[in-house]
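Following: one structure in structure tokens, then a few remarks.
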Amino acid sequence: MQKRIYYNHTDAGGVVYHSNYITFCEQARSEYFFKHRIFFENEGYVVKELKAKYIKPAKLGDIITIHTYIKEVKKASLTLLQTITKENIDIFEMEITVVFIKNGKISKIPENHLRIINELKNKR
Amino acid sequence: MQKRIYYNHTDAGGVVYHSNYITFCEQARSEYFFKHRIFFENEGYVVKELKAKYIKPAKLGDIITIHTYIKEVKKASLTLLQTITKENIDIFEMEITVVFIKNGKISKIPENHLRIINELKNKR
Amino acid sequence: MQKRIYYNHTDAGGVVYHSNYITFCEQARSEYFFKHRIFFENEGYVVKELKAKYIKPAKLGDIITIHTYIKEVKKASLTLLQTITKENIDIFEMEITVVFIKNGKISKIPENHLRIINELKNKR
Amino acid sequence: MQKRIYYNHTDAGGVVYHSNYITFCEQARSEYFFKHRIFFENEGYVVKELKAKYIKPAKLGDIITIHTYIKEVKKASLTLLQTITKENIDIFEMEITVVFIKNGKISKIPENHLRIINELKNKR
């Protein structure tokens, strides 16, 4: 997924505000489901933990690319590696574990989600 | 209501990003209800229209004050005047009309809300 | 400009948080300049006033389109009409006046900007 | 630092959007400096890495508390432990390393900052 950096993503330091990179990664995860016509109702993936590394900043007007790789698929959780690049250079890296929640409870990841997730796995 | 300006409120122009002033005003409206122990469930006030005037910018570290005045109370809607000041000088002004929605439908503003709203009215 | 609605744009009411529509319109204005390789340095357009009308909400996963029309071009300011549609239906409308600022002072809109702005004018 | 959860912090899942907890922690760090009358000019702390753990969600209207502890002070960087509690229960934990930047370059943390940082250290 590609994204343009706009004013609202930046801060007075002149670069993208740090938690926005984490937001961009979530948008890339959601886009992947939306694109496959999976819309969440009373369910969704909730963040359990994440580790992020900030390498270089992105600036106003930049175009960045968010890359998503599957690291591990468990019954009710997913661990992903997400990186952000700018002109093919890594500027941000994150490992994130999300848990599938349905009607407020941790639940098995549905079959139709797994099909999509496995596609992503093979594409790397 | 007083608020400090932090990095995430600012943009690469070095001042508060314009839609954040509108967000700050909403927080002041919500705070007013929360403070009176009114929490919304399947209901709430939805913005119908607003007119905003930007007078001076606020910067990182500034402390601003949001003032809320009642302009008109109708059966299902409220028109408010909200201003933001910095060291007693007006920096932003907004007139906003919000509509009360319950279970997805426009509804009469409840009695306990009206009591609080009228208090605010008399305080000006 | 088309945009997808993600989680961070929505709020606990289940729809897009009201000031985000105003942010989306700013992104469409900026995109127009970025696309023409105009990047701002110590200069930019600052919001002076706006009037917004909320017609229908947008929801998680929706794809919206932001339309920008020129209403009036003055020496140092622009008045634009911006609308947001979802499946060709208007959901939001805004009239906004922005002022051109260079090195902290109101300044004449540069020639290369005017060329782009006029293109937009004729396209309507 | 205490904070109220407002609509703009929440998402369509009904709880606080995950990257906002990371923003709240940055606000607590900044507040600490602002409160001691340190305002940044062409300098500031830039995030290098962070590890976050999401324990329980916060909801609209909740009041949360952000706690900041010093873990390690180096010449040009700081490692902090930050936790967020709701009614004295931990809901979020983060270890974060920030680097001091002055005029675009990694720099020694100034003496007046160290004084404040050490105060925080002893308070735990």
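Per-chain numbering from 1; labels A, B, C and D assigned in written order.
The rule is simple: contacts are C-beta pairs under 8 Å (C-beta built on N, C-alpha and C of every residue); 3 or more make two chains touch, one makes a residue touch a chain.
From a predicted model like this one, the values you see are computed outputs, not experimental measurements.
Chemist: Once you count every C-beta pair in contact for both, which comes out on top, A-D or B-D?
Modeler: Of A-D and B-D, it is A-D that has more C-beta pairs in contact.
Chemist: Relative to chain B, which chain has the most distant C-alpha mean position?
Modeler: So the chain farthest away from chain B turns out to be A.
Chemist: I'd like the Å distance between the centres of chain A and chain B, where a centre is the mean of that chain's Cα atoms.
Modeler: Centre-to-centre distance between chain A and chain B: 33 Å.
Chemist: Measure off the straight-line distance from the CA centroid of chain A to the CA centroid of chain D, and report it in whole Å.
Modeler: 22
Chemist: Could you please state the distance in Å, as a whole number, between where the Cα atoms of chain B are centred and where those of chain D are centred?
Modeler: Chain B and chain D have C-alpha centres separated by 27 Å.
Chemist: Would you mind listing the residues of chain C that make contact with two or more other chains?
Modeler: Touching at least two other chains: 7-8, 13, 17, 19, 23, 26, 60.
Chemist: Help me check something: in the complex, which residues belonging to chain D touch chain C?
Modeler: 7-8, 10-15, 17, 19, 59-60
Chemist: Could you pull out which chain A residues touch chain D in their complex?
Modeler: 13, 17-20, 22-23, 26, 44, 46-54, 57
Chemist: Help me check something: in the complex, which residues belonging to chain A touch chain C?
Modeler: 4, 6-8, 23, 26-27, 30-31, 34, 39-40, 60-61
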